[in-house]
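To start, the structure itself, in structure tokens.
Letters A, B, C and D name the chains as they come in the text, with residue numbers starting at 1 for each one.
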Amino acid sequence: MPDMTFAEAIKDAHVVEMERDPNIYIAGEDVGVFGGCFGVTAGLLDQFGEKRVKDTTITESAIVGTAVGAASAGLRPVIELMFVDFIGVALDQLYNQAGKMKYMFGGKAKIPMVMRTACGAGIGAAAQHSQCLEALFMHLPGLKVVMPSTPYDAKGLLIEAIRDDNPVVFLEHKMLYAMEGEVPSGAYTIPFGQADIKRQGKDVTIVATANMVHTALGAAEKLAADGISLEVVDPRTLYPLDGETIFESVKRTHRLVILHEEVKFAGSGAEIAAQVAEEAFDYLDAPILRVAAPFCPVPFSPPLEKAYIPSEQQLIDAVKKVMA
Amino acid sequence: MDLTNEQLIQMYTTMVKIRTFENRVAELFADGKIPGFVHLYVGEEAVATGVCENLTDKDYITSTHRGHGHLIAKGGDIKKMMAELFGKETGYCKGKGGSMHIADLDLGIMGANGIVGGGPPLASGAALACQYMGNDNVAVCFFGDGASNQGTTHEAMNMAACWKLPVVFINENNMYGISCCTTKSMCVPNIADRAAGYDIPGVVVDGNDAVAVWEAAAEGINRARQGKGPSLIECKTYRHRGHFEGDPCTYRDDAELEEWKEKDPIPRLEQKLLEMELLTQSKIEKIKQELQKDLTAAEQFAEESPYPDISGLLEDVYT
Amino acid sequence: MPDMTFAEAIKDAHVVEMERDPNIYIAGEDVGVFGGCFGVTAGLLDQFGEKRVKDTTITESAIVGTAVGAASAGLRPVIELMFVDFIGVALDQLYNQAGKMKYMFGGKAKIPMVMRTACGAGIGAAAQHSQCLEALFMHLPGLKVVMPSTPYDAKGLLIEAIRDDNPVVFLEHKMLYAMEGEVPSGAYTIPFGQADIKRQGKDVTIVATANMVHTALGAAEKLAADGISLEVVDPRTLYPLDGETIFESVKRTHRLVILHEEVKFAGSGAEIAAQVAEEAFDYLDAPILRVAAPFCPVPFSPPLEKAYIPSEQQLIDAVKKVMA
Amino acid sequence: MDLTNEQLIQMYTTMVKIRTFENRVAELFADGKIPGFVHLYVGEEAVATGVCENLTDKDYITSTHRGHGHLIAKGGDIKKMMAELFGKETGYCKGKGGSMHIADLDLGIMGANGIVGGGPPLASGAALACQYMGNDNVAVCFFGDGASNQGTTHEAMNMAACWKLPVVFINENNMYGISCCTTKSMCVPNIADRAAGYDIPGVVVDGNDAVAVWEAAAEGINRARQGKGPSLIECKTYRHRGHFEGDPCTYRDDAELEEWKEKDPIPRLEQKLLEMELLTQSKIEKIKQELQKDLTAAEQFAEESPYPDISGLLEDVYT
């Protein structure tokens, strides 16, 4: 298996699928000549031409909205929203149109589209270019929400997303783009709604997403030395959410700490905690803790940004607390 | 004028069909048979009719909250429409959508839309699909004077212009967005004046003259079919009823309404067709009777249809 | 104390405050001549004139955005977003601009504005005019989120909102507009972050918002006959959220059921459940249950809409479950 | 031309100040001293300078992601700016904002903005406050060619026109929105052509001619001060550097850049002032030395200032 970066794995998913299905097109700001703000689509314009790789004006409502219209008329758009923070200017077309059409029309519409977008802090991009907003998308019926943590998962989940007949929000944490990992060539899919146990353990279940999976794995390595065994569960898709795998893990470990980068308050971890507090309550031996960003915009200054992003140490502290 | 006699009669019939449908909906709403919001198209029939007479089932339209006229003109089935308005299982959307969300994708009707300005990007998207697939189908976007000020409208028109998409933007300027008169919502006399900002044709037409609408739309639609890109056609018209049923309309003059009733598109076309001897009083009667029969059947169908079973509540969210 | 409807109480808050402070203005679609889609602002144009009661074009981004600009330049806008469902076309100005300015600017901005908006199902307004979306606003730092359940609370909370120097989202459930209740004349405020115990009880804590408070009170009445005593806690503001009052209640009752109208998945109740699972875990004798809307858009048809809205019976069933 | 000699020299000085600041920022960024994204204003100095020469501290501006020039022209303190770029406690935003969010509300600078199209509604809002308070202050909105296509821009301009708000929209048409050339993002030759859609004046000006910019802006700003409503002024210009530092600029020709460098606004004004004998080579040297001194001091200030303490992380979210 070749090694690829996360960004290359995502590009590869595009290539594999675009070669298979001529109705797939890509559109977004600077996805063509420029190759994408993070280089993900570099080279696709040369390979597939202007018809299928469309540079757009800076009009996110129209980018999303034309994708919805095109999807409902038979195409399979894969669009890029440069930063997830920009969703505020385009949310209506995503949630009131794409997400609801099928239901409002009594089941007859089919909106096969993917909106890829970069999220997350870590590059000093400040408050309007650094957020994680997965909880927003989770709450909106009609959308699926994908958040990969490895190159392998990214490719398999993106191919699955492209083949899915529903609108899918595909969240790419920008600190992962350069990460390398083994990625099979050719097509393969990872089904939605299947969490992946990234590390098995017996003392505490950690549910973590995106690059926080790696923070959790780092903590697991350290704590292993102290004789504490973490099980790291990566939901991979937040809707559908694989509650079962999480509950099963908690039933084994009896302890749960949730780790994510978006702000804690009303974040994705709240839903996970609430589900466990309902479905696996009797197995819990300790309060459910969440380690997540504090309730503030993402600050610019490097030390502040670093303090904002949940750390391995914070996770370790939380683990020690639930073990106490 | 290239309209055949059959087309003229067809257009007349469609307009009367819309009118009788809408008037009956008003009664049914007042009687409490139809829940929710309904926004009626009475007075504006010439627009949808004149435009859709240029379209086939393979062409797309996007509609608005005031969608019944567009749907009927595009060939929508009034039985399924009425059943939907009643919230019944047999409606277009199995009762899940209601007036503001009726759609018939098989006929290219991409849905009424509850979001003002929601349609333009969708229409550009459908047009993109037509262009991409290399056929000569087009998309038509109906939108109101109020919607013309929404950012989405600007964005969708500009993108359509840049990509030369086969889409025609049909502005229904009925002078009001709920209570907000165009004298307050814009400073230019014509919405079509904004077309120049995208280098696309901008045409103003008497929206109460079905033939004039047809002609203007024909030009825009043919242009689009020939790959020459989008255009904007503004149809000046007026709604006879309130914004929604129940609106006391305190924000506008009775005199204004009376003036516009003088310009009612239906008597106008009727007069013309009588003069052309395409219609006679008895033929008119026959048309109306037939339409009334269909409408009664639709109403009965709606009335007698069951409500959706609540077991289906969670169906149709995902494929 | 005079009786007022919820709508009248809200209008009264406007009147009291606009008389006090000439820098307060109202803007929104049809708020003037028409008096507001739900009649809330009827008469204010006559009373305060066009300068202070502004009918706007149908351009929500500009309505919100001009309010943000005006607020940062010294005015105190109270704007109406006709239906909360429309936030998708205006979210950016609310969360990327209003909500973050103060932080991004290092504390120097002050954005005293209120965005009032109608939410909720019950009038057959279908998928794009019926949602509750409080969880979205809760998750966005910089905003405060208010959701009253009675005429008294509505007036006191709105006056507080207008006087607050931060952007406040004020959610008015449309099924409450006609509800009557005692409302003091003149100015009074209800502090944010103070939950109200709408009914005291000892067996189960119910946390409910907006009109669901009344559903909970109805259930409490019924269950009282069976000897089950519900404590009904109304947070009133979702940010800031008064966790303490909820925890204290749970520490007394040992059981928690959360009731809200928005969809359950990643809804406001998830945050409440998660906080309790962390802060009052040791006091819980039963799983935390949430009774909320299912994961679908709001359907139009009356029986479906009725089935969508959480019911007294569903709450009673949940209570019996945690009591079992 | 009503510019005084002092003003002309002031404008020249401001432009050089921006240029030297930006060039130094480029170096500091390359050296890793400045984190995040920086978008430099090199080549466009005449726009901010010509416009802001018409403004007082009581007037408002909204800026963009490419905001340093606007800030300096409006009187921003380069010490606090540089400290902010470094992410230091002493910066304009205590290090919380960075390049894309520098603001100085005391000077009416409503902030750089990371959202393309984020500024226009804010500017209309500030203008509304001026109108409401009955003073003759104005708001100026800087926005790019890319931003002109955003829906928010359309909405804000229309609302400003309807309410006759004292706001001037200054379009900085540098021909690109990142890699997207205006030949692809719009079909009209001038963004100012869109002003007609709001019945407001739309003016095109050579954005590399500071005096021409000043004149056009003076007219729009005076109009606004007199209560005559908004206007749109398009300044044709070019950015010499990449979209952001690090941009390889593969999407545009070196020849194009060279052509525009010929039109560099600074030598142009310099030449003029030399001809007018308002400047001499030695005076120029002196100006540059002074600016260099200030810049060095700013850099040193930034360098020596502490990073914010992480205890302040949760401060400044709410009042």
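Operating definition for what follows: contacts are C-beta pairs under 8 Å (C-beta built on N, C-alpha and C of every residue); 3 or more make two chains touch, one makes a residue touch a chain.
Since the structure is predicted, the reported quantities are computational estimates derived from the model, not experimental observations.
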Could you tell me which chain lies farthest from chain C when each chain's centre is the average position of its Cα atoms?
D
Distance in whole angstrom between the CA centres of chain B and chain C is 36
Can you give the whole-Å distance between the Cα centres of chain A and chain B?
40
With chain centres defined as C-alpha means, what is the inter-centre distance between chain B and chain D in Å?
45
Chain C, residues touching no fewer than two other chains:
56-57, 59, 61, 85-86, 88-89, 92-93, 96, 103-104, 126-128, 141-142, 295-297, 299
Touching at least two other chains at once: which residues of chain D meet that condition?
93-97, 101, 113-115, 149-152, 155, 158, 162, 184-186, 316-317
Hey, how would you classify the chain contact layout here, line, ring, star, complete or other?
complete
Touching residues of chain A toward chain D in the complex: what are they?
29-30, 32-34, 37, 55-59, 61, 85-86, 88-89, 123-129, 294-297, 299-304, 307-308
Contacts from chain D onto chain B in the complex sit at residues 149-155, 158, 161-162, 184-188, 193-194, 196-200
Flag every residue of chain A that touches chain B in the complex, lowest number first.
23, 25, 51, 54, 56-57, 59, 61-62, 64-75, 92-93, 96-97, 101-110, 141-142, 144, 164-166
For the complex, give me every residue of chain D touching chain A.
35-37, 87-88, 93-98, 100-101, 113-117, 146-147, 149-152, 177-180, 184-186, 250-251, 307-308, 310, 312-314, 316-317
Chain D to chain C touching residues, read off their complex:
60, 62, 91-97, 101, 103, 105-106, 110-111, 113-115, 118, 120-130, 132-133, 139, 151-152, 155-156, 158-159, 162-163, 315-319
